[in-house]
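Here the structure is laid out as C-alpha cells; the discussion comes afterwards.
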Amino acid sequence: MSSVQPTLKPSISSRLRGVWESDIAWSFRHSPVAMIAAFVFLALILAALFAPWIAPYTPFDPASLNLMDGFTPPMGEGMGSGSVYWLGTDDQGRDVFSTILYGMRLSLFIGLSAVAFAAVLGVTLGLIAGYVGGWVDALIMRVADIQLTFPSIMVALLIFGIARGLIPAEYRDQMAVWVLILSIGLSEWVQFARTVRGSAMVESKKDYVQAARLIGRKPRQILFRHLLPNVMGPVSVIATIYLALAIITEATLSFLGVGAPPTRPSLGTLISIGQDYLFSGEWWILLFPSMTLLALALSVNLLGDWLRDALNPKLQ
Amino acid sequence: MIAYIIRRVLQGVLVLAVVGFVAFAMFRFMGNPIENMLGQEATRLDRAALAERLGLNDPVPIQYLKFIGNAAQGEFGVSYRNGLPVSEMIVQRLPATLELAFVSAVIAVVFGIVLGVFVAIRRNGIVANIVMSATLVGVSLPTFLIGVLLIWIFAVELGWLPSFGRGETGTLFGWQSSLVTVSGLKSLVLPAITLGLYQMTLVMRLVRSEMLEVLRTDYIRFARARGLPDKTVHFKHALKNTLVPVITIIGLQVGQIAAFAIVTETVFQWPGVGLLFINSIQFVDIPVMAAYLLLVGVLFVSINLVVDLLYAVVDPRLRLQ
Amino acid sequence: MSIPNASSASATGVQPVSRPSSSHDEPLLAVEDLVVEIPTRRGLLRPVDGVSFELNAGEILGVVGESGAGKSITGAAIIGLLERPARIASGSVRLAGKRIDNLTGDDLRRVRGGEIGTVFQDPSTSLNPLQRIGDQLAETARQHLDISRAESRDRALLALQEVGIPAAAERLDAYPHEFSGGMRQRVVIALALIGEPVLVIADEPTTALDVSVQAQVLTLLKRLCLERGTGVMMITHDMGVIAETTDRVAVMYAGRVAEIGPTPSVLVNAAHPYTRGLMASTPNPASDVAEGLVQIPGAMPGLLSIPAGCAFHPRCDRAVPDCKQKRPPRETINDSDVWCWVASQPQQARHD
Amino acid sequence: MKRTLVAAAVAALTVGSVAHAETLRWARAGDSLTLDPHAQNEGPTHTLAHQMYEGLLQRDMSGEIIPALATDWAVTDDPTVWRFNLREGVTFHGGQELTADDVVFSFQRAKMPTSAMKELLASVAEIRKVDDLTVEIVTEGPNPLLPANLTNLFVMDEGWTLENDSAEPQDIANGGDNYVAKNTNGTGAFVLESRVVDERTVLTANPDYWGKDDFPMEITELVYTPIQSAATRVAALLSGEVDFIQDVPVQDLDRVAQADGLMVATAAQNRVIFFGMNQGADDLENDNIDGENPFAKLEVRQAMNMAIDREAIKRVVMRDQSDPTGVIMPPFVNGWTEALDATPEGDAAMAKEMIAAAGYPDGFTIQLDCPNDRYINDEAICQAVVGMLGRAGITVNLDAKPKAQHFPLIQNRTTDFYMLGWGVPTFDSEYVFNFLVHSSSDERGTWNGTGYSNTDVDEKIVSLASETDADVRNGTINEIWEQVQSDVLYLPVHNQVLNWGMSDGIDFPVQPEDQPHFKFLSYSK
C-alpha cells in the first residue's frame, strides 16, 4: 500500500519533477488503454460541464416537460409536442439524452466533491497521525478502524436519515446533494488517512524532515511543504479509484431511496428509474444511462489502474 | 494475548454502544411506526395511546437505555410489524444471510486470489489484460442493476435459474440450508454472483498489486536464485506474503458484504436479515432495526478481532506484539 | 565459531554426479563479451557492455566499481536473474565449458542454486519473512540434492552449524526476524551453499552489515568456499574487502571491465588510469593515515550518456585522441589485462 | 425460445389435469402481518385470513355482500338491533362446531382495546346470543351500514382460543406474541399447512368446507410467497415460477399480457388518489408568500384543479390503468354520481390567468409532500403534477418519502400540500366524510389535513350516522358533496385500477378491494 509512493526527496524534487512528469506523459502516450480511457472521461466531463449548452432540453425544469411525450422511443416524435428525441424520453417525458447530461453533471459533482472531501479529511488526519504519533495517532486510527468496519452504504443511510430529520423541508431538495457528498465522503476518508499516515511515518523519520525540524520550521509547514508532496502520488491513485466508487455508491443509494431527488435525477437515480422498465420494452430508459455510467466508471477505473502502475517506479 | 483479546472486546462493546446510540437518534427521523400499526380508521386517541405504550414519547436516551438494558438480558422485544419476538425472527433469518454471504465470500476469495495471481504473473499478457478490464465492468455498475440484469437474462429469458427465494431447504448441521438441495443451490447462484462480483474484483486487484510488489522483493529474487521452481516461488513464497493485506481487505469486506446483502436480498427476495432490515426501515420497526444494527456491529467487531488474530497466524513477525 | 571437522568433511564429501568436471585448461566461469541491454523510451541502455573475464575453480574473483558500473547486473546476468526488460544481447557465459546464458526452465533452475549459489546484499530482505529458516534451507536442499524430506532436514541443520549459528537445532524453527543481521547473512550463506554449488556469486555480501560483523561473515564465506573448492565472484565497492578476500580483481567502469588481474598487483601497481584513481581515492588499508587521498574529477557518466571510445576519457588526465574515438583493446600489462590506450605508455603530463 | 416451449408445455399440462390436485403459487408485494384475525386492520393480512377464517358476511369477487357464516340478517323492529341467523353444521378446522357463543366471543374479542378492528365496531353496543344459531347485535342508535362493517370481522372458536391463552388479540405494544398469531383454526375454505413468516405460507383445501359445493374450490394447494421487488415479482411470473401475482406494475402489464401462457385481469379499485391543500392555515410553512395563504383563495384551488391534466397522467404515468375522476370517492360508493365524477378540462393557460387574477401574477412557490412507496406510481404522479402546476405558474418543490414519514405529516397537520389515497370499505359516502371532510377532531376528520372546517357540513355529517330514512340520508349526502365540490376541498386525480397477472386458464375476476378469495378461483380451460 505504502510502497506505491514514489521515492522522491524534496531536495531534488524540483529537478526531478519535470522528468517525472514527462515519464507520466511517456507512459500515457504508450498506453492505448489509458489514452482511450482519458479521451472518454474527458469527453464525458466536457459533456457534463457544458450540459446546458449541449442538451436540447432542460430536463430539470418540470414546467418545461410535456408528460404526453413520455416513453417516446429513441429518434421518435413525442405524442404531445411532436419534438424528436434522439435517445427517447423517460416516464415523465424528459429527454433521455439531456437528462443523462444533467444527471452525469450531478453524479460527477457528487463524486468529485465527495472524493475531494474524503481526500482532504483523510490526508489531513493521516498526516497528523503519522507525524505526531502517540495518542493522537492511536485515536485517529481507532476512529478510522471503526469507520472502516462500517460499510459506506450504512454510513450513508445513517447520515441521510439524520440529515432528513435535521434539515428543514424547504432546503431538502438542494441538501440531498450535499448530504450525499458528506455521507459518501465520510465513508471513504479512511483509505486516504491510512496511506498517508504510513508514508508520513516513514518520511518524518528521514533526515530532511529532521533537519527542517531542527532549523525551527513549524510542524504545519513541515507537514504541508515537505510531507504532503511525497504522498500525492498514492493519494491521486486512491482518489481516482474512489471517484468511480463514489459515483456507483451514489447510484446504489438512489436505488435504496436516499439518492438525488426524482425531479433532478442523477445518473444513478435515472438507472433505478430505468430498471422499472426493463421488462416492459422501454429499454432506452435503462440502457443509455447505464452505458453512460459504465463508460464513466470504467474510464475512471482504467485511468486509476494506469496511474497506479505509472506512478510506481518499481513497476516500470 | 488474552489481555489483548479482552481489550479488543471491550473496545468493541464501546463501539457498539456508540453505534447503537447514533442509530437510536436516527430512528425518530425515519418516520412514525404508529401509522403502519393502526388502520386508517384509528382515532387520534388510539394513536396517542399506542405511542405512549410503545414508549415512543420517551426521550431518545431513555429509549436507548431501555433497549440496552433489555438487550443485555438477551431481550430484544417484539417486532412492531408482525409482533414476533425479534430474536426469533433474526435467528430464523440469519442462516439465509450467512449462507449467501459465505458462498459469495468463497467465490470472491477463491476466484479473486486465483485470478489475481494469474494476472500478476502474466502481467502484460493479453488474457490477463482482458481479465483485468472485464472484471472492471463488474465494479462499474451498481449491484442492484447487476442483480436485475442477471434475473432478466438467466431467469426470464433463458429460464435456467430461479429469480427469487432460496428454493427448497434441507437440514444441514441443524439449520435450514439451501446448500443441500438442487433447487437451493440453483437459487444461490445468481444472488451469490451478484453479491460476490464486486468483492472478487477487489480481491483480485489487491492480490495482483501485492503480488507485483512481492515478486520484486529480494527474497523472491533470492528464492529464484536458489533455483526454486516458479510454482513454489509464486504460490508458496509470493502468495503467502500477499496474504496479510488480502486478509485485511477480506475482513473489512465482510462488512461490505453484509451491507450489500441488503440490496441483493431485496432484488432476489432472499429471506435473510438484510431483507428483514429493509422491511423494518419501511415499517419503522424500531426493535428489529436496533437488533439488526447491533448484530451487524457484533459481526464487524468479531470479524475485526478474527482478522487481527489471523495476521498473527500468517505473519510470525506480528506475533510478538 | 568453531566448526566440527566431521560435519564439514561430510558436507563436502558428497559430490553429485551432475557436477561439472573442471579440466585444468577450462576455467570454471568464462564470461565472453557479455552485453546486457535495456530498451527504454530514451534509447537502448547498455549497463553491461562487452564484459569478459574468467574465474577459476576455487578462486575468489573480486568485481569492484562505483555503483552503476554494472557489477550487479553482470552477476544477475550470469545466473539469469535479469529483470525485464533487461536482456543479454550478445556474448556468452560458460560454466565449466558449458554455456549457461541461454538456459531456460529446469536447466536454468539446476544451475541456479545447484551450480551457482548467490548471496545478496541485504540479509534483512533476502529471506522469506513468513517461512521458518529450516524450511527454507530444506526446501532448497531438496531442490538440488536427491534426498528425502527427512534428510533435507538434517542437511538444513548441518548447513546452519557450518555457518556457525549457535544452537542450530533449535533455530531451525525460527523465523528470519528472530535473527540479528549478521546471523541472517550467515543463514543466507548457508542457503547459497546448501545446493553444493561450484561457484558463489556474492553481491555486496557485507555492505548492509554492521562493521563489527563484516569481517566475520567475510571470513566465514571465504573459509567455506576454500574448504569446498567453490569459486567466488565477490561483487563489492569496498576496496578493503577486495584486499582482504580476493585472489584476483576485476575493476568495472560504466559497464565495462577496465582492468583485471591478481589482487596485489592491481592494488599496488594498477595499470589503468581509472584503477589508479580509484586506489588513490581509497584509504590505504595498511596505513591509518587518510593523507594523500585524491578524488577523480567528475563523475561516472549515466547510462544514457556514455561517451564514445574509452568511457573514462572525459575524466582521464592521460587521454589521447584515440581514447575519444575507439574502444581500447585488451592488453596484458604485468599480470593484468587492461583495456586502455595509454596504460602501456610511460606516464606523462596531459597535453592538448 | 426454449422458455416459450416450456411455458407452453406447462400450460398444456394445466389444461390436461382439470380440477384436481391444483397447486396455485401466489405472490404479492408484502406478507400478512399476523395470523391473529383481530390484531391488524390491513389488506394483505385480511387477504390471507379470508382464506382460513370467515365472518358472518363477506364480499364476493365483485364487492357484493354475500352470506358467509350468517345465512341471513335483518334489522329487527328495534332499528338498533340486528339479527343474524347462523349457518348450520359449520365446523372449524379443528373439528369444533360453530355456535353463537363463538360469534359472541369473537366480536367481544374484536372490541377489546388491543384489537385493531375495534373502530369498525365503535357503533356496536352489545352482541348477544339468542340461541345456538342466532345472534343479535345492538348498536348505539340506528346504523343502516352495519353489515358493511362486518365483512372483515372473523369468527374464531371460543374453546380453542381460550385453551391457547389467546383471549386477547395480539398486543404488539406489550411483547404480544400469542398462539393464534402463528396458528389458525377457522371455518374457511383453506387450512394452514405451514408458514415461514415473510417467506412462504402453504394452505391446503379444507375437505370439510361447508361451501365446497357452492364455490368452485378447484385449488387443492395454495402457496403464498411475498416478493417485494416489483421487477422480481414480474420476473417470477414471466419465468413461470409463480402462477398468480397481485400488484403488477402498470408498465409491465403489456409484457405480461403478451407473454405466452399469461394474462392480465383488470378491475376498478376501491381507492381514489387526490391532493390535499392546507386551506385553513393563516400562512403556509413552506411557501414564498408571507402573511397569507394562497390556498385559502378559492380561485387558486379552482385554477390548480384545472391545471392538472388527468388524461395525460392516465395515458402516460398510469398506462391507461386509472380512471380520472373529479370527486374523492370511487364509483362503488353510495352517493357517487356521474356529475360529481366529471373532471374539469385541463387548461394550463387558463389556470395561469386565474392564479394571476387571484393576486399572484408571478405565481408562488410551495412544497408538495408525496409518498413514494404507497400508491401505484405515487411519486411519478407527483412529479407530473409538479410540471403541470409549473406551467400554471406555481413552482412546486417535491419532497417524496416513505409512507412512514409521509402519513404523520397529514396526521400532525404539518404539510401544506400532500397526496393521499382513500378506500371506502363501507362503500358509503359517510365514511369519506367522517375521515376526510369533517373538521379535524379527536373523533372525526382524522385524515382531514386541509384545515377545512364548516360547521354546517359537520352537522350534516354527524346526522348521517343515525338517519334511517335512506332517501333523506342520500339527500344529505348529495348536499355535502355539492358543498365539498364547490369549495374545491381536494384535487381528485383518479381511481386506481387493480391488475392481477396470472397464468392463462385461470378464471378469476379482480376483486375491487384487492382481496382474492381463492375459493372462487376456477380453471376455465
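So that you can tell them apart, the chains are marked A, B, C and D in the order they are listed, and the count of residues begins at 1 in each.
Note that in this section a contact is a pair of C-beta atoms (placed from the backbone, for glycine too) under 8 Å apart; a residue touches a chain by one contact, two chains touch by 3 or more.
On a predicted model such as this, the values are computed, not experimentally measured, just so you know.
Under the touch definition stated at the top, chain B and chain C share no contacting partner at all. Chain centres computed from CA atoms place D at the largest separation from chain C.
Centrality annotation: B (chain centre taken as mean Cα position, compared with the mean over all protein Cα atoms).
Centres computed as Cα averages put chain A at a distance of 45 Å from chain D.
One inter-chain figure worth recording: chain C and chain D are separated by 90 Å, centre to centre, where each centre is the mean of the chain's CA atoms. Computed centre separation for the pair chain A/chain B is 24 angstrom, with centres defined by C-alpha atoms.
Centroids built from CA atoms put chain C at 51 Å from chain A.
Counting partner chains per residue, chain D shows two or more touched chains at residues 231, 235, 238, 373, 401-402, 405. With touch defined as above, chain C holds no residue shared between interfaces to two or more other chains.
Counting partner chains per residue, chain B has residues 30, 148, 152, 156, 216 touching two or more of them. Pairs of chains meeting the touch criterion are A-B, A-D, B-C, B-D.
Interface residues of chain B facing chain A in the complex, by the touch rule stated above, are 11, 15, 18-19, 22-23, 25-26, 28-30, 129, 132-133, 136-137, 139-145, 148-149, 152, 156, 209, 212-213, 216, 245, 252, 255-256, 258-260, 262-263, 296, 300-301, 303-304.
For chain B in complex with chain D, the touching residues are 30-47, 50, 53-54, 77-85, 88-89, 92, 148, 151-152, 155-159, 162-166, 266-269, 271, 275-276, 278-279, 281-284.
On the side of chain B, the complex with chain C involves touching residues 216-219, 221-229, 232, 236-237, 240-241, 314-317.
By the touch criterion given at the top, residues 1, 3, 33, 142, 145-146, 148-154, 158, 161-162, 164-166, 244-245, 248, 251-252, 255-256, 268, 271-272, 275, 278-279, 290, 293-294, 296-298, 301-302, 305, 308, 314-315 of chain A touch chain B in their complex.
Across the interface of their complex, chain B is touched by residues 79, 81, 83, 109-114, 117-118, 120, 122, 125-131, 139-140, 143-144, 175, 177, 188, 191-192, 195 of chain C.
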